[in-house]
């Protein structure tokens, strides 16, 4: 089974998720730019989610580029990932409707956290299918970022009940973790391990 | 006529169906995770439908992979399948709005049942176009699962008026039928036939 | 300029149009299958539109399959076609909200009629780009169906103000015109011309 | 890293943006064609946006056709472009709900202006990745249209507060700038520079 159609299907679903999120945004009541202030939180949540889903697409792109073979397990792990990503528009709307209530803020972390788990499962099943010495296994490496993201979401979700700002900051930390170019960090970590 | 563009179009439509279903989900009234309880039934219907549509995509993927030729009849049978799949978001919304009323629960089975018929028609037209000895005809085989699914939907739809739980359980049985790896079952059945 | 990306973009837009139409359908008020009766007109409009858009996709598929070259004019004629097709979900919603009022019924014909014009313009620009002796020019032929469809819409739109049923019947006649296999008709017409 | 999947992803997102805009259009209250008059402004905004997004797709198509290599910076500049394009349906809805209020009219220019910036950034990062003598760098050339569009949006946005008609006219001028075939203009400009 080759990777072409899986890539095409994933691209399709991710492109749709990233685009239909905009349908969930409520427009301001008034007609002035100042009225956008009331929409600022949900627009930031939209930006955050857009970058998040964009990162998933980007990383998925690189991972499948190095993948030679897939099997049924990869298809289902990938569908698990897409399922949780597909709920992002739902939690954005809930965040907006509830005024960033603690429960909705926690739900946002749960959905993104389970998407991270889905991504990790897809990685594992691809490595299991291609072997630990395959190019894709070496490209994925130790994946401390993936494990770290899941850990940060596990911490952030209960913190949403203490203060939703703690949770939101941790959600942004996860994104920065992936955005910041990290070759030097990885090399430093490897050196400290050696 | 080759299969490339049919695959791409089907992937596109299925990717959109699986993703826009989320637009039909109503967010909870309150802002607490407990308030998700009221959304639990529709979230389960969403999960059920996501897996169902994912299964169709997966099986369609394998079937077209083995297909060499298609004709106008295949295109129309495939469009019939896509038509019924496209109504899944509609019945999910109806299920939610009506609180899983018997009629909406029956409609869910009718839509999925007619999608099964569409899938069977697509199989038949592909076999008719490629010949009974073609690789795709052998890959499809006796398709007892397809026939069994249609039969289960025929039973489940009237049962929705007795109890919607009967119907929902049967809808889940159809999914399990497709999820459980079945090589051993098929072999056992073949042996009992021999 | 080759046809690959134009086909992919058109497939994408058509796949989305055909799928998001379902978001425009209002679910029945009640929870019984009988309550679907109130949704019957709009479901029929949905079916009509699904077949119509499916026919456009099918014919576009065949036309571009035979096309060797495209230029800027083809891109814009194709975008004109997609623009009018993209308004189909809008007129379906209007039909539903207005209870199939004459104006909305006429608007449905105007949108489909201008999509027909867009298709004819795409054909002309492809022939202009590939030459009158190119395979695609011969595959398109005299296109009496395209001209006939536009003529039927021109008749149907004002008739919607006399009786919306007249208009709806003519809209269905256009679909049947395209659905019925017509090789014999074409050959008969050619013979009568000779 | 090759351009195939970036093209496919961009095509997907743009196809979805151009199509879901229709979901933001409110249908007329009445059932007569005259009642469309009240929808005329938003239908014109829809047409304007459809042509605008179509132009982006068309130009993106040509630019990536000439591109040999992309890197991480190109991916992110492209995602920046897609982010602002994805907000077009949001501002169309706001324009409609606010009756073309100055703030919403300005927001429309801000979103399109930042999309122009995103397009320019994508161009720059592609040239940086392929070198100033690469075919794509020569195909892009001096890009006076891109710079001119950004300048026009910078002028139009504050003018929306003087009169929304000034702003709307400038938005249309940007479109005409791109629609009008310009080889002669470019050549004339080049000659006047020489």
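Note that the chains take the letters A, B, C and D in the order they are written out, and that residue 1 is the start of every chain.
Criterion: a residue touches a chain if its C-beta (ideal position, glycine included) is under 8 Å from a C-beta of that chain, and two chains touch if they have at least 3 such contacts.
Computed from a predicted model, the values in this text were never measured in an experiment.
Q: For subunit C, which other chain has the most distant CA centre?
A: Ranked by distance of C-alpha centres from subunit C, the top chain is A.
Q: Could you work out how far subunit A has to rotate to sit on subunit D, using CA atoms and steps of 5 degrees?
A: So the copies are related by a turn of 90 degrees.
Q: Quick one: report the Å distance separating subunit B from subunit C, using the average Cα coordinate of each chain.
A: 28
Q: Would you mind pulling out the distance in Å between where the CA atoms of subunit B average out and where those of subunit D do?
A: Spacing between the chain centres: roughly 39 Å.
Q: Which residues belonging to subunit D are in contact with no fewer than two other chains?
A: 8, 12, 16, 20, 23
Q: By the document's touch definition, which label belongs to this structure's chain graph: line, ring, star, complete, or other?
A: Topology of touching chains reads as a ring, each chain with two neighbours.
Q: List the residues on subunit D that touch subunit A in their complex, please.
A: 1, 5, 8-9, 12-13, 16-17, 20, 23-24, 72, 75, 79, 82-83, 86-87, 89-90, 93-94, 97-99, 101-104, 106-107
Q: Give the list of subunit D residues in touch with subunit C in this complex.
A: Residue positions touching the partner: 7-8, 11-12, 14-16, 18-23, 25, 27-28, 30-36, 47, 50-51, 54, 57-58, 61, 65.
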